[in-house]
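Have a look at these structures, which come just after this line.
Consider the two complexes below, in which subunit A is the common component and subunit B and subunit C are the respective partners.
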Partner chain A sequence: MTPLLETRGLSKTFGGLKAVQKVDLHIGANRIVSVIGPNGAGKTTFFNCLSGIYRPDGGAILLDGQDITGRAPHQVCKLGLARTFQNIRLFPEMSVLENVLVAQFQHRSISPLPLLLRSKRFRAQEKQSRDEALGFLEFVGLAHLAEEMSGSLAYGLQRRLEIARALATQPRLLLLDEPAAGMNPQETTEMVQLISRLRDRGLAILLIEHHMKVVMTISDEILVLDHGVSIAHGAPEKVRNDPQVIKAYLGDEVPTGE
Partner chain B sequence: MTAQTLIEILINGISRGAMYALVALGYTMVYGVLGMINFAHGEIFMIGMFACVYALGVFSLMWGDHAMVNLTLAMVVAMVFSAAYGYANERIAYRRLRKAHVLAPLTSAIGISTFLQYFIFLTVSKDSVNFPRYYSDWLTNNHLRLGPADVTYLQVTILGLTLVIMGGLYYLINHTRMGIALRATAQDQLMASLVGIPVNRTIAFTFILGSALAAIAGVMFSMYSNVLVFDAGYRVGLKAFTAAILGGIGNIPGAVLGAMILGLTEALTTLQFGSEWNDVTTFGVLMLVLLLRPRGLLGERVADKV
Partner chain C sequence: MAMSRWRPYLLGALGLAAMTFPFLWLELRPDFANNTVKVAWSPAHGLKFFDDLLPVFVVAFLIWAGVRANRQWGWSDALERNAAWQKANLAGQHYWAWFTMPLVLSGPFFLSASGTGLLTNAGIYMVLALGLNITVGMTGLLVLGYAGFFAFGAYFFALTQEQLPYFPWWMAAPLAFPLGGGVGYLLGLPCLRLRGDYLAIVTLGFAEAFRETIRNLDFAGGDQGIILHDYSMFRGFAGIHSGTMCYVVTALTLFLAVFLVQRLYHSPVGRAWIAIRENEIAAASVGVPVVQMKLLAFSLSAAIAAVAGVIYAAKDGFVSPAMCEFQQSIMVLAMVILGGLGNSYGALLGAGLLYLVPEYLKLLPSTIQDSPALAALVPASVRDSLQDLSNYRLLLFGAVMVLMMLQRPQGLLGSRRRKTEMLHP
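Up next, the complex of A and B:
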């Protein structure tokens, strides 16, 4: 069976720095895979290559068997890959609802004619996309805040909104960059529940996370990067006891049970 | 000042302001989305003027002088020409410079502006061209009585058209799929792209829309002033740009407000001192407003963006 996402020898260099070196990864449908590694290991660069922000210097990215290497972000998005950011990146001057509506762009009709005529069908479509957007907000628990300005939401809620917006692009693979960063223990637990519910919707999830407890409870597989190189890949139990992984972390930071 | 002169100043000012507003919107939309000043926008306006007059000539040769039909069709031709030039501008002179230092696209814009002026000067007309009176007479010679004052049909048309366009633009930006894509692109190009918005197409759309509005203003202005010159776009463009700055660049209602203030200032100046003082007073007003409110009248939101 074709994996949902496959990278073959993916590499990205900045000047002399090899940020990502020949990383191979397979993600099956409906799996949760975590990418861990010390700071500067190349995790975010890896995400940026996958989502089309960076053009890789070498290797290939296949989404559902289709080569997406070097495609523009909006094309990658259309093929079913969405992401969130470690530093939240909402449209602050839009309402919560608009932040979700904006992500439906590619799935809505483009013809200006029904717009001008305001036909029944057009209004029905408008209502449908609004209802869908509200559905995504409901899913992350923000429906009651739909009309608020997104910039005024509390930090934890902004992260949830980012996920709702990503969902509205109708992805099959969702990239979450430290979704629990800066959250208190209760918010973190809720985020873990939200991620499991995302998987229950049929999504595959690729996750960068520093909270080891989160990573160990939620992941089907873990990929460990160090200096841009994949040093381990497998089930959480296997990765946890891998001597190379332990060494990589001891040299920099010790995985804690926070 | 009698009630009659007051009403006439208001009407003249508002209809001049409405034409400036249509051009100012192009400056402010492009700035809002790209953070750059498209100095060639005035030339897009000028190309609309010339395209309209030449289309009128062609139409009357082809099927005779049906004033309203020809004028409407010529307006459409002007919009298409201006939009094509505006799109080509973006595609050729700005797109590749989007990530360069801010001075690069600005310099490119000044270059395009001068290029287009002298291109028209050398290939179309070295002398001023008169707008065919036959088409504007009906609009300029007929009046509506408004209390003690007279309003020409042309002024009514300008006002009506501008109001409809403003309404349409407001609806487009706030309530349509393209509008939301445009706002998202203005706020964060990369993020817009990541949620599936084709950013290049959205930016091209902004240029096409702004250019078509400038063409409408160009047609109105050529009927209003009766003369077309190759540097008309530079003069009107500068005024419209001033209006956009005055209102707070990047802010759409601001551009309209700024244009209205400019139009009224000009109408008042023309009456009190003569039209040769227009540039002195309008730019005087600009400097005064900027001293008191450096971001322009409605421009507070722009500061966080830039």
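Up next, the complex of A and C:
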């Protein structure tokens, strides 16, 4: 069976810095895979390569067996890969609802005549989009704020809105870049619940996260990056006890001088 | 405390006085007998300058007073808090159009010929501002040479009607739309693939290159421009004045343009444009084809400008390279910024204000002279200095723009949200 997402020797270099080096990864449908690693390990660069924001220097990315290496972000999105951002990237001047509506672009016909004349079908589509968008907002618990400006939302809610927006593109694989960053324990718990509900919807999730509790509770597999290199990959228990991972996080043992 | 607040202004004024000293307070008198130039200290010369500037000071004072009053009594905040009118024009857009359309179209019946002419010009500027607003306001792409497309439309019309036996404005205007759009598309194609403000420079270059080219082409009339055939221009018929005809066509074009832009704005396309302005990377990663949408916005802008160019040429019966001067582009840009970036009705308001206010100021002195009551009220010296005011309109534009950026960066009708974005880019 072909995995939902597969990377083969994915590499990205910035000048002399090898941000991502030959990373291999398989994600099966409906799995939660976490990417962890120290700061600067190349996690976000890895995400940017997957979602088409960066063009990788080497290797290949296959989504459902289809090569998407070097495709533009909107094409990758159309094939069923959506993402959120570590530094929140909403459309601050649009309402919460409109933020989600934008994400339905690729599922909407924009043929000029019905659009300009507001044909019955176009209006029906607009209404359907709106209802669907409200459904996504309901799912993340923001439906009551639909008319608010997204820029004025509280930080934790903005993260939720990013997830709702990503859901509106109807992805099969969702990339979450530090969804629980900067959240208090209560909010973090809620985020963990949200992520497992996402999985219940049938999505596969690739997650970057620093909260080890979050990672260990919900991940099926963990990939550990250090200096752009994949140093461990497997079930949480296995990764937790991997000496190389401990070394990357805590540093080398102090050599005892002879 | 109070001193430190005024220090920059005082220093600036002193610096300006020092720099302008030779031009304002000294007079150069040619001495033909000795074949030299004499430099003489001339207070009258300098005072004359300040006398000329009096109306500028008056207007600046009025603006300052307005800003202070706004801050004191919170007018603009009240306007924003009461969002009803904003929602009204979003939801009921087609209803109010049925009321305004007959009102606007009946304009010539109760306006003088010169009033109709002024409003026609204002209407053409409104079409331009509306078109530019798509690119600059909605999609967030800066365009500095918008008048280039305006002149392109006008010259396309003028040159074609010279070559063909019969090519009146009503044949040219529908053709100018796809042609202008095509030029916009070709121009946008290389630079919209790149990130950053390349479009601003490329369009600026386009407008300047277009102007220099037509200035130096013999068949395009060079600096003299082209005078159109009579049958290509707007003509009156069945007792309708040609000016009325021109007004009505401009008004209909304006309505059509508002319709087109507003329908797009309240559709997935408009949402995609705004999303690109707000955050390009996020827009791309939720499936908006950024390059195509930018090209669409820019081509549409160019197409609208080209149609406006045809109408302008058919109205004046004359095209010249002056149509695509930098100043024209900046004027339209200023209209969009003044009215409120991203708001179509703001663009209309900005265009109306920036075109009509200076024109009315020009007319003001003769109005005062003609009316005995006003003539008795307003001293002659004030009347004369009002005469000069329209000469200083660029200076006033500059002042107004700076003030807008400081006090109300979202423009007159812009939304509150714009402000936060402009303040924290």
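Note that in this section the second predicted complex is superposed on the first by the 251 of 258 C-alpha atoms of A that agree within 3 Å, B and C clash if a C-alpha of one lies under 4 Å from a C-alpha of the other, contacts with A are read in each partner's own complex, and residues count from 1 in each chain.
In this section, contacts are C-beta pairs under 8 Å (C-beta built on N, C-alpha and C of every residue); 3 or more make two chains touch, one makes a residue touch a chain.
Fair warning: this is a prediction, and the values are worked out from it, not measured in the lab.
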With everything superposed onto subunit A, say whether subunit B and subunit C fit together or clash. clash
On subunit A, which partner touches more residues: subunit B or subunit C? C
In the overlay, answer first, second, both or neither for which of subunit B and subunit C A:His74 touches. both
Check whether A:Met149 is in contact with subunit B, with subunit C, with both or with neither, and answer first, second, both or neither. second
Please report the subunit A residues shared by its interface with subunit B and its interface with subunit C. 51-53, 72-74, 77-78, 82-83, 89-94, 98, 101-106, 108, 110, 115, 165-166, 168-169
Would you tell me which residues of subunit A are touching subunit B in their complex? 51-53, 72-74, 77-78, 82-83, 89-94, 98, 101-106, 108, 110, 115, 165-166, 168-169
List of subunit C residues in touch with subunit A within their complex: 259-260, 263-264, 267-269, 271-272, 274-275, 277-279, 281-290, 415, 417-418, 420-421
For subunit B, which residues count as touching subunit A in their complex? 176-177, 180-181, 183-184, 187-188, 190-199, 301
Using the touch definition from the top, list the residues of subunit A that touch subunit C in their complex. 51-53, 72-74, 76-78, 82-83, 85, 89-94, 98, 101-106, 108, 110, 115-116, 118, 122, 126, 129, 149, 151, 165-166, 168-169
